[in-house]
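Read from first to last, the chains carry the letters A, B, C, D, E and F; within each, the first residue is number 1.
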Amino acid sequence: MNQLIGEHTAGQQLDVGLLGVPLSRSSITASAASDNPNAIRSIWKSFGTYNIDYDVDLADLRIADLGDVKMHVTDIPRCHHNIEEAMVEALSRNPAYFPVSIGGDHSITCPLVKGFQRHHSGKTIGILQFDAHFDLRNLQDGGPSNGTPMRGLIESGTIEGRHIVNIGPHGYFNAYAYKKYADEHSVNYYTLRQVRKQGIEHVMVEALTYLREQVDLIYVTVDIDVLDAAFAPAAPASTPGGMWSSELLEALYIAGQEPRTAALDIVCLDPARDPRHLITVKTGAYVIMNVLCGIKYRMQQT
Amino acid sequence: MNQLIGEHTAGQQLDVGLLGVPLSRSSITASAASDNPNAIRSIWKSFGTYNIDYDVDLADLRIADLGDVKMHVTDIPRCHHNIEEAMVEALSRNPAYFPVSIGGDHSITCPLVKGFQRHHSGKTIGILQFDAHFDLRNLQDGGPSNGTPMRGLIESGTIEGRHIVNIGPHGYFNAYAYKKYADEHSVNYYTLRQVRKQGIEHVMVEALTYLREQVDLIYVTVDIDVLDAAFAPAAPASTPGGMWSSELLEALYIAGQEPRTAALDIVCLDPARDPRHLITVKTGAYVIMNVLCGIKYRMQQT
Amino acid sequence: MNQLIGEHTAGQQLDVGLLGVPLSRSSITASAASDNPNAIRSIWKSFGTYNIDYDVDLADLRIADLGDVKMHVTDIPRCHHNIEEAMVEALSRNPAYFPVSIGGDHSITCPLVKGFQRHHSGKTIGILQFDAHFDLRNLQDGGPSNGTPMRGLIESGTIEGRHIVNIGPHGYFNAYAYKKYADEHSVNYYTLRQVRKQGIEHVMVEALTYLREQVDLIYVTVDIDVLDAAFAPAAPASTPGGMWSSELLEALYIAGQEPRTAALDIVCLDPARDPRHLITVKTGAYVIMNVLCGIKYRMQQT
Amino acid sequence: MNQLIGEHTAGQQLDVGLLGVPLSRSSITASAASDNPNAIRSIWKSFGTYNIDYDVDLADLRIADLGDVKMHVTDIPRCHHNIEEAMVEALSRNPAYFPVSIGGDHSITCPLVKGFQRHHSGKTIGILQFDAHFDLRNLQDGGPSNGTPMRGLIESGTIEGRHIVNIGPHGYFNAYAYKKYADEHSVNYYTLRQVRKQGIEHVMVEALTYLREQVDLIYVTVDIDVLDAAFAPAAPASTPGGMWSSELLEALYIAGQEPRTAALDIVCLDPARDPRHLITVKTGAYVIMNVLCGIKYRMQQT
Amino acid sequence: MNQLIGEHTAGQQLDVGLLGVPLSRSSITASAASDNPNAIRSIWKSFGTYNIDYDVDLADLRIADLGDVKMHVTDIPRCHHNIEEAMVEALSRNPAYFPVSIGGDHSITCPLVKGFQRHHSGKTIGILQFDAHFDLRNLQDGGPSNGTPMRGLIESGTIEGRHIVNIGPHGYFNAYAYKKYADEHSVNYYTLRQVRKQGIEHVMVEALTYLREQVDLIYVTVDIDVLDAAFAPAAPASTPGGMWSSELLEALYIAGQEPRTAALDIVCLDPARDPRHLITVKTGAYVIMNVLCGIKYRMQQT
Amino acid sequence: MNQLIGEHTAGQQLDVGLLGVPLSRSSITASAASDNPNAIRSIWKSFGTYNIDYDVDLADLRIADLGDVKMHVTDIPRCHHNIEEAMVEALSRNPAYFPVSIGGDHSITCPLVKGFQRHHSGKTIGILQFDAHFDLRNLQDGGPSNGTPMRGLIESGTIEGRHIVNIGPHGYFNAYAYKKYADEHSVNYYTLRQVRKQGIEHVMVEALTYLREQVDLIYVTVDIDVLDAAFAPAAPASTPGGMWSSELLEALYIAGQEPRTAALDIVCLDPARDPRHLITVKTGAYVIMNVLCGIKYRMQQT
């Protein structure tokens, strides 16, 4: 994909823009997910542009690397502010493009979606979340961290709980209080056990059908910790009994095909924890590529 | 689950007791499975009490850590003796509780079941074993090691071969002689290929139906090496082509739901071999939690 | 299998011969797959001869380790020449045996099949390939490397494109140009997504039925990079979203049962990249054992 | 030293108190040094109280673990405030004790010394720093990070540049601008090459003699990155050509013997980067123990 | 040294015999030092026979691998018995040879020296020990483990305390009680700090001069944990601040030159903990080679 | 040094040029030293330009990265040809510059020096080698590999044996035959034991004094395996008992100060074997920087 991704020149028309969001000092537990944008960048070279499973070639998508959002060393609120403004500015410069934000920890999704909503004011935004967790912690105790983005979006009125579909919560990693909050705010979710029983394709069709009826635009957020620890060792919160990468990759190809799908982020991938063969970083890049394959497939149909 | 597990106070009523059995100098190949009780203890903190897949909360189970069985540095028979006595004593103090023994290597299952049988004298005990191996080596050549527990239980008259159901033997890791011994003593087993063809849920229902007809109480023993090496790198004898953790975890939730299920041990997990993200230790803790979830579910029904 | 594999004595009748092919300086990216023959040899001791999934015992197969093909330190063409001659000579000495070649990188398959075809002149050879890639790069740019063996066999007239069935290409790892070459030369392939949708058993039956009608003898080549990176971390080109080892192992048992299956190689396994528990090396040995199980099963039927 | 360190009871007389300072989100590059206080705590058990090199026993020192300074998840200035207050409060409760602060990243030294100075108002404080770096970055660009503590202390008027002695700057890891700032503010330093040429004992005697003439109390700060990367792999900024642990350990024993030595911190040790045998964490604990040995030796002389 | 070490044929005259002693289930903490004899055997191939530092060639030493002492899986006393008998028998078959015993944990030194003493009855044996520890724990609490060999030899009357010279105790890893026992029994020792101040050559000359006056034969025992953890990561008890391998290697060359040096063992090297480049296993082999170089040098002088 | 190294523009005046030589398929044992040029390039960013030990700033040296010599995938002789031509061409374009070649394995030194000699025809070239080995294997058996460069230079008449000074051969890693060849051809060498006894500074002064009298220009070649395995784990042939990085780094600073020093290469560093903190890659970059510091110091004197 080094054949694929160009430097960004002002005024250039883009199909897709990649924005690095290297913030992870807002993570509850120590994380080097801030190194992930560069890790993803350095792994593109092991990917080509043609996918043989889907018979789709990304070679003529106009993709550019927009660089990183500028971060401050010790002022986390300023970092979150910069992220929101970067999303607004990038969209105002390239109204037609598909923004891909590469985190960073999950706290970035809150300002990213706020910026996305500001640009698309008047439109209803829904969120398709792949995550082992609800990310519905309160903001009083520790401020906006990687445990709070969905709560932050709901409480700021940016997103309604019923416009969130979370695929993948599982195991013992969500306190009962958050499940209760999710239910009270009508957040939709498919536990991983449900996904296994119904099949990921069935779940995706159902989720997208639902969102299509509810919202104008779908923002996809992938917390890589949704994956089983065997497939994503570099997601600090991944556990046994999680999603297989083949399930996630198929889901994202389907998500990309949905015309209302309009933005993507990927978060909580800490490349410092990856083993030598960089399986998690490769999966992170693959996630992005598969959404783009879905988009390309959709473009070819029209 | 640090919210969950209290210190044990004498006279206290318990639902579940966790007993560390830090013996692995009886392992045929060198093993640090003796470090596993403490490894499991230190990983609880990454688990909550509420399971979203099963919608079950363990928060009001009365669980206590009973500490470790005292071991001798160089006298292995004395260690096995202590283990049997510890099981008897713990049960006599807490007759109603569910004992969870955290090994150590598989040699501990022989004295643990002997102690369990002594306490429940007059009742028929069956064994539900998850294992890549039969563990039916003879005791003459090397004494009671991690290769011999089922043989030791059969030859001591503690358990009948036909009251054992082993789920998971696979590959090239059982000599033909042991398969023959298993057949001669009517030991029941499902090879992993059978499990895959029939589905783990089907196999579990069949196995539990059978045991329910045969025995009064079911002792569950989980040798973590039943798992594929991708899911359990810290099981010295795990191999490619093994069970997936999602299969094992579902099986144990089902096992916990069975009213005759009355004890659990987990063995042959050597935390010194785990990669940094501790996937196998997490799986070991998850195994215990899922059995307890099944029990809690069963308690809620009644 | 140390019980199984003897030293080779001249004049001895063999069922199976294992030939080390320690060449990987012909790999496009740096590889220590040349260390794999010895890695496989040292792992046999953790395998027995009896497989409980298939109820087949390899103990009375006459298997010998034929040692390594002699390699030159800096003259790669001479190495490829030696490999072809070694195959011819081994077959001329043991006409009835089943040759198993342990690479080394995939460049070795070209001279191995050439030697195999020279021995079996007049017979039509087909190839059953398990691979993430087509291996159809042109030979002009870099000579005969691990990216070119299928192209080398087609362009030398050794094998026809339509007599190749490749199971497992997937993802972004084949340039569109090679897919086009494959189609133009009627190379057959099942993408991994097709395998998942149809099931590996169905695919194997279809592939073997096709080859049986087309060719006299089937040469099986396994590039270990067909596996998912979670299952084969030591395959430099393995990626997320690849084949599971349980699928590959079942496929090879089925392949061994086919009477026209007449040779096997396994390539691109770099043991220097394996984690401590040697999951990939164990899988490499398992691959060989399972083909032999299939053969033994077939022998028992007749 | 688990024999050694007790829980802290209010009103208890202490010789030494250990304070965890788990802050590293203020680190310029991502760091899990916030995990270090607990890592050090868990390694004590591999140390006894008697040192055979110095023939000193720490068994009757009254040492207590004071727990951790409370940190906020996303408000770094509040964290630094809490650290300064914790030092003040701990000293006001235990005026006679020797405070040992376990970081965390080097940003903590600025509030720690400020608190130490507030308690000892009227006294002149000097700093004995072991560090590969000057830590004299300006505070304008990124706020108070692990690159700024000495600058922060000088610019706030807490410490005079001439009362700092830095032992160990080396290599290419200090911009010329910082060396110039150091010279302009009369910061004293011994490059590692000087240390090697003169010997660590000679340097220590000279440095302590100088400080004794200049200041009332000496605060010792050890940035573990002063060590060679072979000895401190878990110091993110350690490099080849650094100090050997034997040199550092001897230096700290000597520092402890100095009566004006009145406080210690150790920083920038990221246990997540340590290899399995935890060499850096062990060195961190050893550093603390050796200062205490020096203190104990001094107490025995009087 | 694969050029060097032959298989042992009955009746053959030997200069040196290598005996594997694969026992480590007697280790206080879990250890795979039982894998060390095979690890050392497999690393010889990376050593030649000629040492350029000493200009000594071992090529014409008659060295044989005597195989392993037979161990029992669960009966540790029987293992210790077998070790003592193996030493006696090997010496009775090859009275003139130099026995090199490759452990295993340090418990093996007690039966090895007992066997050595039985063969050399009437002669006074001294011990030159390289060790971070005294190994003087009492035998009552846990039986003969890797913490007790020197105590076992003294209390059984095999060796007098004053005939032991221990080079290398350091740090916080010997309880004061053992130092007191050492002093009461006149065990000689050089702390590592003394070694550093006097130089390893000076210490060796002094130690050998002393032993030469006291004893007829010197048995050298090397506990690899004497080394710094940077040089011996695979010694479970190695720590920072330990001996450098260059010091140990020089010491052993000097020890080999001493005519009374008559036996060697090397213990407590757990190859499962070595990093990929096997630094500790290589050091273990180097230790043996250097003693042999000293012997060869001595033979060349006479 | 990312501040330091610019892209190379044709016609630009250079002080130093860095040339990647990514060839390691000529290595006797499998090596990924071909990945080292890029590894070194990616580590510059952790180095500044100012060295505080020497008080030298490299900021105004004109250094450019000349890119990589073009290599062929399977034709090793063509690779060696390209290397020689690249050296000739680079020198003809930049006659005044100091060429730094980043290998690759040690086979590259032979064509590099041949090219260097062709450019400087009429001048006598000497070699200052830092190496655990002589690299004097014959060329008949395996062609020009990493074991042969010095032999290749002597036998081709490019260099006289007496104009080679090798600092660092040690241990059991040179066959006696090569030592004999070295002596017969008057190759000079200092064993590591001699270096330790005399001190590296003394040895360097002696070696440079000797070379200054014998030759016009000195080519420095650093085989990173000269270092102890604790300091250079990623040098496949590094061993215990090797050189410390502090010794090597000081030596190279001194070498750079010598006015006849006119070229440098660094070889046999396989970054795939480095642990996470990249100690060996950092040392490789440091080696280059220190030679440049010596050169800069020399320039400042004149």
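Keep this in mind: contacts are C-beta pairs under 8 Å (C-beta built on N, C-alpha and C of every residue); 3 or more make two chains touch, one makes a residue touch a chain.
All figures in this text were calculated on a predicted structure; none of them were measured in a lab.
K.L.:
Which chain's mean C-alpha position is the greatest distance from subunit A's?
P.N.:
E
K.L.:
Sharing over half of the contact pairs with A-C by residue number is what counts; pick that pair out of C-F, A-B or B-E.
P.N.:
Copy of the A-C interface among the listed pairs: A-B.
K.L.:
Would you mind reporting the rotation angle for the C-alpha fit of subunit C onto subunit F, rounded to the nearest 5 degrees?
P.N.:
The C-alpha superposition of subunit C onto subunit F needs 180 degrees.
K.L.:
Compare the two sides of the subunit B and subunit C interface and say whether they are made mostly of the same residue numbers, over half shared, or of different ones.
P.N.:
Comparing the two copies, subunit B and subunit C contact each other through largely different residue numbers, since under half are shared.
K.L.:
I'd like to verify one number: the distance from the centre of subunit E to the centre of subunit F, where each centre is the average of its C-alpha atoms, in whole angstrom.
P.N.:
Result: the chain centres lie 39 Å from each other.
K.L.:
Just the number, please: Cα centre separation of subunit B and subunit D in whole Å.
P.N.:
47
K.L.:
Among all residues of subunit C, which ones touch two or more of the remaining chains?
P.N.:
In subunit C, 230, 272-273, 275-276 touch at least two other chains.
K.L.:
For subunit A, which residues are in contact with subunit B within the complex?
P.N.:
Contact set of subunit A toward subunit B: 169-176, 179, 191-193, 196, 228-230, 233-234, 236, 238-241, 273, 275.
K.L.:
Which residues of subunit D touch subunit E once you look at their complex with the stated criterion?
P.N.:
1, 46-54, 57, 59, 230-231, 245-246, 249, 275-277, 279, 282-283, 286, 289
K.L.:
Would you pull the subunit A residues touching subunit D in the complex into a rising list?
P.N.:
24-28, 30-35, 72-77, 107, 141-145, 272-273
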